[in-house]
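Next come two complexes, and both contain chain A; in the first it sits with chain B, in the second with chain C.
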Partner chain A sequence: MKPARFDYARAGDIADAIRLLGSTDGFNKPLGGGMSLGPMMNLRLAQPDLVVEVRGLDALKTVSDEGDRLVVGAGVTHAAIEDGKVPDTTNGMMRSVAGQIAYRAVRNRGTIGGSIAHADPAADWPTALRALGAEVAIDGPGGARVVPLSEFQLAAFTVALEPADIVTALHVPKLSPGARWGYYKICRKPGEFADSIGTVVHDPDRGYTGVVLGATDGAPLDVPALAEAVRAGKDVEIDDAKAALAAQGATFDDYGNQIHAVALSRAIKGAFAS
Partner chain B sequence: MTEISLTINGAPVTASVEPRTSLADFVRDSQRLTGTHLGCEHGVCGACTLEIDGEPMRSCITYAVSCDGASVTTIEGFDDDEVMEDLRQAFTENHGLQCGYCTPGMLVTARDIVRRLPEADEKRVRLELSGNLCRCTGYVGIVRAILAVLEKRRG
Partner chain C sequence: MSDTGIGASVLRKEDRRFLAGRGNYVADIAAAGEVALAFVRSPVAHGRIRSIVKPEGAENRVFTADDLDGVEPMRAPSKLPGYKPADFPALAIDKVRFVGETVVACAGATRAEAEDLAQAVEVDYEELAPAVDMLEARKPGAPLVHDAWGDNIALATRTDGDMDSVRARAAHSVTREFRMSRQAMVPMEGRAVLAEWNPRMDQLIVHTATQVPHLIRAGLATFLGLEQRQVRVIAPDVGGGFGLKTYVQPEELVACWYAMKFGRPARWISDRREHLIADANCREHHYIVTAHADEEGKILGLEGEVTVDAGAYSIYPFTNCLEAAMAGGNLPGPYAIEAYGVKTWTVVTNKPPLVPYRGVARPGVAFAMEMLVDAVARTVGREPHEVRMINMVPASAMPYTNIAKKTFDSGDHAGAVAKAVQMIDIEAVRERQARGEPDGRLIGLGFGSYVEQAAHGTSVFASWGVQMVPGYEQAGAKLTPDGGLELRVGVQSHGQGMETTLAQVASEILGIDPENVSVIHGDTGLTPYSTGTYASRSIVMAGGAVSRACKVLVERMQTIGAHLLQCERDEVRVADGRVMGPSGDLPFSEIGRVWYMNPEELPADVDTDGIEAVVGYRPEPDHGTFSYSTHAAVVAVDTDTGAVEVLDYVVVEDCGTMVNPMVVSGQVYGGAAQGIGTALFEESPFDELGQPLASTFADYHLPGAAEVPAFRLAHMVTPSPHTEHGIKGMGEGSTIPTPAVIGNAVNDALRRYGAEVNETPISPRRVLAAISAARGEAA
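Here is the complex of A and B:
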């Protein structure tokens, strides 16, 4: 359970990180909190040649209010969001989601940008932020750009990052005061990677509704038929969720069908419970 | 090898480390601070939990090179800590440990619960403890010990 050998460099700023990541042809990885990359390296599922430390870079820790959206630096920890150190612009959703990630000792070091870049299907942020309609800010040799999460995560652990790119921030649309959200995950034990994550964001004042299913074997899955049901004010029972998944061609086994339908149904019921 | 300077239990330490050396292996093998225990080595079991810059973190998936400039407190560094003193006593009185393997990580997490969540009830204590595995006690004594310290401090 020790990682394979790797070279190490500490970036002084974002430009330096991009330069270091592109300095050799090998498999080079930026290191944020390392709470996902660390285990992957210890298990030798990841064997980078060069690790570039970006943890602690001030430019990755800023949070700014940009009118209709909050821009959260990639290096902001889950614990900072859990503790309300980041302004609440999602009616408590991000704070609630952050508090459910792994364990406090992991949340103290793990970062929102790291989670998005790592793109574990069972992780919380890829699904939750996609339901919020968030976008990811990327910087790299090709320049800075902002990409919707729906175009960013392509598959399990697979994202639209070029080799020397890093995630610099998440752009999270602000919810209207009357917006509703629901987030329900199924884990065998609190803090464990989820077996299923159902989430809904319904913001009629902005004309936005998103229903997303996470912890599948691929990227988070939009479930447009359920978003339509939510917009129409319909109840979503387990069988409705099963039918919606089947209609869009999802192919889970019986257990997967059941827990995914339960997670989606409970997330939607939870959003309108009070 | 990479040169790092950090503070461990209040004392300055400068060392040359291989990038792949975890903070846990560094404090155990190079600093002879063997109170930090290694269980799963992928961040799940919590045995290696110690404090970095005042917050509990996993030392098995944190590399020593990443701790340049940090202040690290291992279980050995809490000898004179008031909360830890109460916790040690309460763990003894409530049978909060048996083999002792999980205990250093349990105590660091317990201290965080007591300081961060002074109003925590049993349900919350159990939730917060979900990142620390104990295979001896069944958690009953550990939970009781933490609740006793919370109660004492609430006066």
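Here is the complex of A and C:
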């Protein structure tokens, strides 16, 4: 279980990283925390020609308050968020989600931007940040841009990044003090990849409600009917969630139907408990 | 008893190096000029090899079966009538029979380079329909794993009982079907080998991670065409075995062949992906069992059909038939049953070979039998522990020969149940169940009991037809010139703590401090022959042999000591590490000095064999020891998600005399944790094409600290009347009932739905499916 031969370069800054990634026509990958790319290379499931290390770039670790949103550098680790080193602008939601990612050793190195760019359906950030209505900042040969997550992740492990693009930051809208959130993850053991993730963010002061289902076979799934129910102050039982998923044409097997509905129902109940 | 002898919880000597990270495993050993091996493995479960194209210029670093001159396919013989041997080639010949089978070997200066070569090899396969499910594979017309056989049945056995009479008297006949899923064995250290040819010794020196170095030596010599004197197998520190490390591996043979052919050492270290895809698996059994019981729940008769999915090949030396033989022989468990009939099938499929894993067949047996007992209890409306107790062989009947002709040596089985009932506090659990949980989860209580034959002797293994029948276990004991002790044993300690416990046995006899005892094991060049460490045999057999050898040393030292102390021999005794006479005493170093350095001071009647002895030992009768135990657990079941949490777990066990109670407890914890793995998490599933679906730890789930409860233990001590010091084997035992205990607890929780789980692991998916099925039936 050793990686295939590859070239390695360490970027000096973001511009350098973009230049290096575009310097050859091969399959070039930026390396952040390496928590997914590392194992995939060792398993030879990924065989990049060039790995450009962006870990350690100061520009990717900055966190800035931009009024209605917090801009979190792509290289900020899950552990930094878990430990409260990033200002809490989501009524504790990001901190709670960060603390549930894999194991501490993974959280120490894994980054928020790496998770979003890798787009594993069972990962936490793609679902949680989508429910928060976050946007992703991208830089690349075509210039810098900011894209809503709902337009960024297209399918499992598939995102709207061009060759030599890198994710530079996440723009996370701040929650109002009265906003409610719920996050319910079903997995076989703490730290394992999720079988289902239900998320709700309800911020009536901003007129925003998002209900998102994660750990499906594809990109995180918005469940608008449940968002409507939350806005209307209705209880969401398991059967309600099943009905909502069925109505929007979601197809899972019996087990998937059940646990996805449970995750959504419990996330919503959790948001409004106490 | 000395305070460091039998019964003392001496801290494990070996932990000093393990806890400091100074263990010395195969991967830590380097040989000058070595190459690393990597393997091209079959991507299909069943296929014919049309062609293999080696990368250009790499012909002398890439090898197929055609290149392995002098290497024979591995054959595991059995004397059982009707047994069909399924030879296991080091590299596939013509056909591949499971995903992960070794097809091509590649040698590189580093493992990465060897993997680069492997990636560049092109193999063309003609895919064949695979036999994946054992029950389908058993049927006529199934795809044939071994073309010449005509079917996929390696062995079928049948034992008829007088069922008609019990059927007629039975108030209830309760039938259930159970399945144990295929799983991996997961030692911390994977398999590993480093082979080199030593011209001076005219010998192949093989460092390999094994439990059974002497058996590996025999196998390697046989399949490589060497004399056994030309093979030395060294098992250095081995990071767990559990049964995985009891067979000769294809990769081992290839490494040895390379070292002999090219005169360069060859290394292969398994990685986790190879381990989870290609290593032998375990546990895959299917049962249909029927209990014929009276109104009280007394089981009069038991019938069983046992099918074992043995995978594609039969492993050397224990064969693929041991599982079914053990299952058939152990199904009646600790119960006194009048009539017993069982049929077994050992079925080959296009999956990796099956080897016995900690508990050997009995976790499956207990899963079937113990859950059947609970089904009987539900049928007659009694508490499951009561039904267990009325069916168990009473203490007053010991020794007792059961319906499967096993002679239990001693013990109070029902007493263990009673103790477990008390410890788990059944009244409190039933009250809690009636009260209901604030979070809506359902509480369930489960019991499981077993009797564990261990240290099976000559007659037992001979009846199983295997080639390697254990006989008299030998141990060497040698007093060194400075009064220390060296013990030499042919077993291997890879987590059992035998460097400590065998020293404690010596301490019991000689009074020597275990700190002054070296236990030398795991090296065919340094130790007496032994079939090795398996079947919970080592502390019974090697421990007994060490005891006997030390007693011989006592006699020899008494003769020399009497002379030096100027008294009669029968006035001398050995204790506290000294030779004591009526008017003085000597340290062992004085005996050592005189024998080795100043033999002019020896008495005329000295035993000329000196202060070193190799002594053989076997308990008589040799049918093995019978440890037993009852476990009880309380679980909470989330009926929305299917998740099961173990809230409480108690173990009451009796393994006779405990050499080191702390080590016994450690073995119980480890075994029960692995049992929880089988019960709730561990599974190696295959799709309909025979593709393995759990090839990394992302998909293969092991229980971790959060999933394993704080086990509560109680020890009962009923010494074996047949063994040295009354020791019974116990290393495997606590894996045995755990899946049944958890299964019974889950079914107790689901009682209100009439739902029953019957398959391991009891995953959320299976729990929900059981509830759903029961609701469907009710509707």
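Note that in this section the second predicted complex is superposed on the first by the 274 of 274 C-alpha atoms of A that agree within 3 Å, B and C clash if a C-alpha of one lies under 4 Å from a C-alpha of the other, contacts with A are read in each partner's own complex, and residues count from 1 in each chain.
In the analysis below, contacts are C-beta pairs under 8 Å (C-beta built on N, C-alpha and C of every residue); 3 or more make two chains touch, one makes a residue touch a chain.
No experiment lies behind these values; they were computed from the predicted model shown.
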Kindly classify A:D254 by the partners it touches after superposition: chain B alone (first), chain C alone (second), both, or neither? second
Who does A:R44 touch here: chain B (first), chain C (second), both, or neither? second
Could you look at A:I238 and tell me whether it touches chain B, chain C, both or neither (first, second, both, neither)? second
Tell me which touches more residues of chain A here: chain C or chain B. B
Please work out whether A:V262 is in contact with chain B alone, chain C alone, both, or neither, and reply first, second, both or neither. second
May I ask you to decide whether A:V212 touches chain B, chain C, both, or neither, giving the answer as first, second, both or neither? neither
Which superposed partner A:P3 touches (first chain B, second chain C, both, neither): both
Thinking of the overlay built on chain A, is A:I101 touched by chain B (first), by chain C (second), by both, or by neither? neither
Where does A:I186 make contact in the superposed view: on chain B (first), on chain C (second), on both, or on neither? second
Residues of chain A that sit at the chain B interface in one complex and at the chain C interface in the other, please. 1-5, 39, 43, 189-191
Which positions of chain C touch chain A when the two form their complex? 110-112, 115-116, 119, 271-274, 640-643, 681, 696, 698, 701, 703-704, 706-707, 763-765, 768-769, 772
Complex contacts: residues of chain A adjacent to chain B: 1-8, 10, 31, 34-35, 38-39, 41-43, 51, 53, 55, 79, 102-106, 108-109, 189-191
Which residues, counting only chain B, touch chain A once they are in their complex? 2, 18-20, 22, 25, 40-43, 46, 49, 52, 55-58, 60-63, 65-66, 68, 108-109, 112, 127-128, 130-132
Which residues of chain A touch chain C in their complex? 1-5, 39, 43-44, 186, 188-193, 195, 238, 254-255, 258-259, 262
